[in-house]
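In what comes next, chain A is part of two complexes: it sits with chain B in the first one and with chain C in the second one.
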Partner chain A sequence: MSLLEIRDLHISYPNPKGEFFAVDGVDLTIEKGEFVGLAGESGCGKTTLALSIPRLLPRGSHIGAGSIHFNGVDTTALSEEGMRALRWKEISVVFQGALNALNPVHTIGSQIAEPIRIHDESVSKKQAHDRTLELLEAVGIPARRFEDFPHQFSGGMRQRVMIAMALSCMPKLVIADEPITALDVMTQAQILDLLRSLCDRYSLSMLLISHDLSVLAQTCDRVAVMYAGKMAEQGPTSRVFGNHGAKHPYTQRLLSAYPNIKHERKFIDGIPGYPPDLSQEQVGCRFADRCDVALSRCATEVPELIDIGGGQSVACHLASDIRAGVQ
Partner chain B sequence: MPFLLRRFFTLLSSIFAIVTFNFFLFHIIPGDPIRLIARTQRLNAEAIAKMRASFGLDGSILSQYFRYLSKLVHGDLGYSFSFKENVSGLVGRALGNTLLLLTASTLIVVILGIAIGVFAGSRQGKKSDTATVISSLILWSMPTFWVGMLLVFTFGVWVGGLPISGISTANAVYSNGFEYFMDISRHLILPTVTLAIVDIAFFIIITRTALIDVMSEDYMLTARGKGLGRRAIVWRHGFRNAMLPVLTASALYISALVGGAIQVEVVFSWPGMGLLMYNSVLARDYPVLEASFLLTTVAVLVANFAADLLYRVLDPRVAVSK
Partner chain C sequence: MSKKLALSIEDLHVTYQLNGASGKNKVARAVDGVDLQVAVGETLALVGESGSGKTSMANAIMRLIDPSAGKIVIDGVDVVPLQGKGLRSMRRNFQMIFQDPFESLDPRQRVIEAVMEPLEIHGIGGSESERREMALAALAQAGLRPAAEIGERFTHQLSGGQRQRVAIASAIILKPALIIADEPVSMLDVSLRAGILRVMADLRDQLGVSYLFITHDLSLAWMFADRIAVIYLGRIVEEASAVDLIANPMHPYTKALVSVIPVPEVTALEDRIILTGEIPSPASIPSGCRFHPRCPLFRELGEPEQCLTQDPVLQIQSNAESHHVACFFSEHNKGNQ
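The block that comes next holds the complex of A and B.
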């Protein structure tokens, strides 16, 4: 049994024109102890997908179809009370922008300790306090800063606080939503190392969201690439990001849009055009308009996500044609 | 604590500036109070000069100012033209009555207003919230004196049962202190309700808006993500942050209270500062007005000073930035 199994998930938001289909039939699996990266441009549904797991989506959002099985339990069927018991105890989140994600009027110590006693009433105040000090030490913050407030920390330190907080109940799954985006490059590397080593040490699973492919390549066992509310491609990092491993034209263009420090300088070509408007119903492949190898059927037929072997799956007619040709 | 000292010094210098402004304001106004009192041509120059001296109106305006300052420091607020008694005694009695009224209504306004505001704000968009907002807007748009007159009419003419005027029953003889207390309490009800009913709407709306603002902050999502219950999310994480703008509004509210108190006291003949100011304006009783203005402005300044201090307790970010 996988730790997390998302099947055919549909999530929509109401908007003035009707509905905005942010996530439109997405599958995602995370095994115990696995680090999965989720990539894609802004607005492709990464955060919506991730926050649907602990059911922290904004009011009005609607899970239309599909299921989310966490540890064998369908969380979409859970009551609010049942979901509350899972939050942080089993699934915690490292939010983007830790300044805003920490409450400005409470000390960082009390914020880290808070969920411990909520989820386990047998823990004494003293034990929660000691546990918090351990966590602070683990993320490299001196214990004397327990009583300090978030605004007294630098951006990187705040993100460390956030990580300590995410680990306070030793959850099974940590969702890290762009955890290093607002930080400088040196701090990014430190925080990423810290997150990776802590999750390894406590054998937690992690879903790491980033639009920075190099971050995912460095950290994750497996990566999933989303485009316009759908999964474009997923597979082991070594395959998808390896030489000629990416099969979806979007992933390929995304990868070629990154400069390579070892190769000669070249002009970075972006991907012309814009993603489609998700409040409209989509026909065909969503990437077809921007794709330079699109076939005529791409405009009419939605490509299924198909397994192309080696744990990799791609939602592209080209890839399925190649596979059909091979067989 | 250097901050406290600095802030206290600002408070004192503001009070001094207001004392000065107040003094010149009333002395620059055209019209001679002595002539108003004398009202006759038959007084000789000597008598007028004597009267002038007894009211402290002789000598140049600057010497009058310094005399006023030195008297003020000694707690002497002058002598009332129309009530023919010391202003300090007059104001002292009125101030006590006003404080009684304002304390009663402010307690109701702040406690109930904030509680209802949190109730509505944490249920944004639901029917109970909409109902609260609409009734608050209706209450807030009612003029205080009008509400007072409605209540006077209702309890004075139709229903009865509650005293509609004064602070205690005229010529009543009380057998014990408790009876006296009950009599004052009964007189207190209608003015307090009048003052509270309009102002409570202000606090409900301010608190509701502040809480709704806070509810959309990222740290509220964190609180939800931690698995906290609704109550803990609202009170532990939202409330304290929402109280920051409410505190600022409260300090401003103190100054708005003065206006409300004048209206209510006049409508209900409550013998407080408002009624005293009203009567003094009618009688051009400058010493009383001067003293009342002074007290009011000092009250507003002190309220702001207190809000500043409280702000530092509530918001750790303010405490660090000097």
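The block that comes next holds the complex of A and C.
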């Protein structure tokens, strides 16, 4: 049994035009101990999908069809109370923007210790304190900084505090929402290394959300790419970023939008056009308008996510050709 | 120097006086003696982490803050002593594209008004209709077509990419000698970046615009710029042609930065050099070489005395043309990439 199994999930938000279908029939599986990257551009639905797992979606959002099985239990059927028992103890989140997520008037030590005692009343103050010191060590913050306040920390160190908080109740799944977006390259490398080592050390499952595909290439076991509320492609990092290569035209175009210093210098490519308006009903493949290899059926038929072997799956009408070895 | 320079910076210093309990009478040396030159039609990328002083450099060049010492020569004129009217009339010669196109435009302004505004301020273009023509041409050059239609929209109705194009149009309309672009694409989605950079590159090729391209992204700098200067704690530590700097980094800091550049493919993680700690405060710059507390080479060589006591200057490397490095032991980094 997989730790997390999302099937055909639909999530919508109300908007002035009616409804906005942010996530429109998405599957995602995460195994125990697996490090999965979720990529896509702003508005593709990646954060909505991820935050639906601990059910931390904004007010008004609606989970329609589909299921989210966590550890065998369908969480979409759980009451708010049942969900609360899962949050932080089983599923925790490292939020984007560490400065805003921390309380400026409490020491970082007390903020890490707080969830430990809230989620387990049998834990004594002393135990929570000791556990906090362990966590600080695990994320690379010296113990002497226990009594320091968030403003005394740099961006990278605050993100470490956020990670320590997310680990405080020993969850099985950690969702990291753009944890390195505002950080410098060297700090990004430090934080990604830390996440990877924590994942291995505690057999955690990790869902790392990033708009930056190149960052995921070096950290994740598997990567999932979303486009306009749908899963475009997913597969093992070694395949999607390796010799085998990405097979969805969107993933391919996205990859060529990054400079690659390992190759000859050339100007990066863009993707002309814009994603579709998700408050309108969608016909055919959502990427068809921007796709330079689109077939006539792409305008009318929705491509299913098809397994093309090696654990890689692609939602593209050309995928069956890929599987048959035509390409 | 034979080639014509759009920008020449000589021994620039920017300092901030710190107040408050922990920093009483302390001075932060954000830019601590920088020399830089940008030739006409050239793009120089200034690359550094946050806290490296790159934004202070940009603000000083734009004369948004006063440097504490040094010269900033733009198109042959030192702009540091300029004040008031003299500075204002000189300003048309250097323009800036800011990072955040959501903050840099007035949402109540129509696009065409935003682009015409610099012309009005500088009294360029004989009549309203002439200015309008110029603004429409600038919009089209920035890739906003049909310009007449987009010009009538309000800036808040545009997407991030379109707004950045409006910012570009307002920057080029005065035909400046130098454009300072401060992280012009870092707020935009990856699929839009190429379009913006392409417009900037076309302007360089067609109009001979010179850029000081400020970024934390070394791979983008490599792709877009002719030369790269790496800044660390207020000082340039390495400068070379973009291709040479990435292929053959010689300063231990640059070497580490290059090693952690994310690439969209599977790579060997063992080759990365991850520096520990963070960039120190410009209010307490380490003695000797300012990079020594984080320098892997310093440790590898058994902590040489020289690194602790002497401040290395940016020097040309013997066997590499116009490759400058500020490190006593950069020879050790040669060839063992």
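Heads up, the rule we're going with is that the second predicted complex is superposed on the first by the 319 of 327 C-alpha atoms of A that agree within 3 Å, B and C clash if a C-alpha of one lies under 4 Å from a C-alpha of the other, contacts with A are read in each partner's own complex, and residues count from 1 in each chain.
As a convention for this text, a residue touches a chain if its C-beta (ideal position, glycine included) is under 8 Å from a C-beta of that chain, and two chains touch if they have at least 3 such contacts.
The structure presented is a predicted model; accordingly, all values stated were derived computationally and were not measured.
A.B. asks: Per the overlay, which chain contacts more chain A residues, chain B or chain C?
C.D. replies: Of chain B and chain C, the partner in contact with more residues of chain A is C.
A.B. asks: For A:149, decide between first (touching chain B), second (touching chain C), both and neither.
C.D. replies: first
A.B. asks: With both complexes overlaid on chain A, does A:93 touch chain B (first), chain C (second), both or neither?
C.D. replies: In the superposition, A:93 touches chain B alone.
A.B. asks: In the superposed arrangement, does A:161 touch chain B (first), chain C (second), both or neither?
C.D. replies: A:161: touches no partner chain.
A.B. asks: Of the two partner chains, chain B (first) and chain C (second), which one does A:85 touch, if any: first, second, both, or neither?
C.D. replies: First partner only.
A.B. asks: Contacts for A:213 in the overlay, against chain B (first) and chain C (second): which applies, first, second, both or neither?
C.D. replies: Only chain C; A:213 stays clear of chain B.
A.B. asks: Once chain A of both complexes is superposed, is A:101 in touch with chain B (first), chain C (second), both, or neither?
C.D. replies: first
A.B. asks: From the superposed pair, tell me which chain A residues show up as contacts to chain B and also as contacts to chain C.
C.D. replies: none
A.B. asks: Which stretch or stretches of chain C touch chain A in the complex?
C.D. replies: Spelled out, the residues of chain C in touch with chain A are 49-50, 159, 189-195, 197-198, 201, 216-220, 222-223, 242-243, 246, 256-258, 260-267, 269, 272, 274-276, 278.
A.B. asks: For the complex, which residues does chain A have touching chain B?
C.D. replies: Checking each residue of chain A against chain B gives 54, 56, 84-89, 92-93, 95, 97, 100-106, 114-115, 118-119, 149, 151-152, 165.
A.B. asks: Sort out for me which residues of chain B touch chain A in the complex.
C.D. replies: Checking each residue of chain B against chain A gives 217-219, 221-229, 232, 237, 240-241, 314-317, 320.
A.B. asks: Name, in rising order, each residue of chain A that touches chain C in their complex.
C.D. replies: It is residues 41-42, 154-157, 184-190, 193, 211-215, 217-218, 237-238, 241-242, 253-255, 257-262, 265-272, 274 of chain A that touch chain C.
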